[in-house]
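Starting off with a structure, shown below.
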């Protein structure tokens, strides 16, 4: 059960509500987001929620049986739109494309990329500077300095940046240079990181875990939301199965199911989702056809020379052709 | 390596070719399909295949390193079209839709269905009479008599029938009443059944196994092809993973990968692939967008009263809306 | 619900019982095994089963909510022992070892093997003559003639034979030469084959499917049992997962769980379960420690020269050492 | 390739070695652990490693092709023993048992537990104070204060403590109160945390990821080792598969495979590995029989009243019976 509190609620009123909750055998957690105040109530008894609707200080009450509450569409029926400023929005009707290199390599690379993105009407650039790698001896990204240069070019050209944050201590460092914090698949259940990102006033994109369930993804989002940050984006990026013919099994079933379960935008990353460059286009179109709100794509001016993930990055011509097909497809559906 | 033999090859020529193959350390299997004769050569040595091209009686030679040979696109570059007669073809440009009930229930049901299918330009009706069920106490289908009645209605109305064959002894019984034999996921590696279907002059649709790999599906097709029957259709129907939010994980990655690996048509079954009625439409569109040559759909006039799989069957209105969207999507891509 | 009928039940009594079942909203299936007669009742209503206990002709009644009934330990609490004659029994206290080559290769090979088995007190020899292989071009076993020679040696030496049956038409052919019919992982849900084996008066060992669930294995066993054959053995042989460091993931969790759910003997096949020769011993001991009733092992006098599965077959010295450790372990637990 | 440097190596010698490495097309990473100095060399060329053996300052050279180097048994053949002081060692011949509650609840609980552990010769107590939970509304552990009280009791009674660390900022806080830092399955690829734990002079136990591969576990260990900490323990705790009959699929295949690949101790957690109390004993024995160096067990004086994971915790009687069986089994193998 979610009880949304009135903005002008008095302490006395709040205490009365909490007393009632306890009497009914529920435990409550107070959640104060950047927008509103809630009491999330967990319990096993059946309760007629109308008895809360009449209490002073209560704005609204919803029954949500799932383990996730505030991210549930049972609580908020209308789609959540993420406004990044400068007219760039996610889940606002049109499909959002986020594209860029796996790793930020050089300023030159970024400038080249930005001109391609702008030409194709794409306002969000992705690019990693902290790269989670299975081996300690693999390239780990160019770090904060690269992010600063990345950001300088982006600001100059009006682009928004999404980049991966790997640990709590990076959040503050990265904050001035980031428009969307990305939580990678390996950190999808790094609950401390999620909680800290809940205290940040910038949007967060959470990737599904390597073998994360759909419910776990929603609960990870609930960590961020219940810590205060309502501006969340979910991302399907493929799961781990027995099949060896590709990198990951892109789970497009997750798209309509997530869209029904949550009010948050759902983005698909077909680059990781299949991991083979020439198949990124069909899987991108499939994702849009399945109802995804957008795509996250790896692109590179010379994929064969990329420092990481070149085998799954589109070159600029492939990217442009794909964007055009996505627009056409979207106009149709 | 595949050596295609000339039609008018003499026995002496064939012996000379086989002698050469043996000398080079290869083992050969003679394959005589309803169309042509081949020698499939398996071996570990590196051979310059041009030395075969010059032998008398050899029409063509191709190197195919995969475990599957005749179904490989390395062997046959152009798409295989399946002609069912009466102008009904699969993989001939347009997208093929096969639709019908999970189980054939009554003549009345079939007549109803046929009128909906014809109205929407669908020429192939699916319907099970032998149902593989995990429990011996579940409904197992109405059997051969139901198929005969099903066939009578189909013939009268010009529809083609696809239905599942579960065992070798059914092949001959079912033969007069079937246009496409379907091999279900649980029989995807029933190699005896596949071999017998290789001797039949009607097309065969093979579903991917419950946790079958893409390569295993192609090798199962190779069983049928190498036993003589080149008229094959592959079907992705979802794989088994840890995710519990839906019935199976529809693996749309398999679509572009299969289309690259093989010249055979690739069909998707979103009804089993997600297993939840209201999500069949988005997954159908996603399948088409990923490049599938067609769809296999479960429909029912009253899904809530179906004898089996009602929770994943579309009703007629939903089906009609979907067909229209598929046509629109196809016209675009 | 399972109603066990008295042996001398009259037709009138049976009709009265069935009438009562129908009145209570249940559907019944009559099951006549080689030992007894049962009515398996499926329904959704809650029923006080005592009202059946009082009916004439009823020997016993048990509530079994699972989809499998007759193989459930809720129905039959005591372990089922399989008596193969000549003093060779499965699940009769001691641990049963079945060992032999993946494929029967030659009479000489079998004679060698038998002397090793007898020396180590092993009474059951395994050996394939029909081999299910993913590729049609792989070695498929030496067939029925090999089985006849295999059987001649086994009879002469007092050994019992277990070998895989792949299709219905082989059951009758193989019958005179087989002591236990083995159903392989790929045929674990070949329901027609299972039903036919239910009509045979020889024991059947069913392997778990490649990604079969524990419940599906029990339901497959129910197919055989409800078709008349109570002499069943279940076999865990590894499941398919994402891990690539070995062939299959041997699921030893399945052992204590199966032992609780069913009264049937549970055997483990560590040769397929890990697929790497030097690890067969630790996994065999682990299987016994987990509570398995026995082991099925691939052995070969020269594993490096085996026609199939040599990389997972023990040589005779390794086998002998393992048998001794199993005996020691068993004496302890 | 791993080059172990001499302790008294001069800077000039090191530079000469590094120059040689670069010339041969390798990249090197300098690793200084609490024990020794290494150069880890990554490259694609084939190199005769003897040319390094002759350079001044080189103590030893080993070829290791795997992505993990320092944790490989190719580098260090003999088993690594972890000495916790006060005579408590891991992987020193006998089997190590670590047992305790899922969560530290009260001082009283811990005192009770300690007396049971000591009576049974167990010197390491586990107990969580920071609990990673899928839902933000679930019990998250009693935190640092509970750890302090836990530690006080442990010191007083001579017990060693293993407890889970969830984030970098906890490492320093927890350091005075912990004997072994545990990295949980969800943090198995939290590379920042692993690197920081590499700088700590206390042992680290790393659990395999929820669907982590064996190689990924070894690479995670390599992160810690290459950051300076050689005192590592690996823990198999079950992987995520499609099977629903239990909590996780305990992968005992991983035990002999890890023991071959690495010199580090390998512990098994059957409590999480099957997740059902009455099956913890057989899976514990199976783990030991498979070659595990020890067990990590959840126990509780009243499992039915535990704050978390009660359904998989042994009570004291069950625990005592298990320890006795493990000792007996170990004396045998």
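Brief remarks on what is shown
The chains carry the letters A, B, C and D, assigned in the order they are written, with residues numbered from 1 in each.
The working rule: a residue touches a chain if its C-beta (ideal position, glycine included) is under 8 Å from a C-beta of that chain, and two chains touch if they have at least 3 such contacts.
Note that the structure is a prediction, hence the values are computed from the model and not measured.
Between A-C and C-D, more contacting C-beta pairs join the chains of C-D.
Each chain's centre was taken as the mean of its CA atoms, and the one lying most distant from chain A is C.
Distance between chain B and chain C, defined via averaged C-alpha coordinates, is recorded as 33 Å.
Separating the centre of chain C from that of chain D, both taken as means of CA atoms, is a distance of 39 Å.
Measuring from the averaged C-alpha position of chain A to that of chain C gives a distance of 49 Å. Residue positions of chain C with contacts to 2 or more other chains are 211, 215, 240-242, 244. Put simply, chain C touches chain A in their complex at residues 211, 240-242, 244.
Within the complex, the chain C residues that touch chain D are 211, 213-215, 239, 241-246, 249-257, 260, 273-274, 276, 278-279, 282-283, 285-291, 325, 328-329, 332-333. Within the complex formed with chain B, the chain C residues making contact are 27, 29, 40, 42, 67-69, 132-137, 166-169, 186-187, 189-193, 195, 209-211, 215-216, 219-220, 222-223, 226-227, 240.
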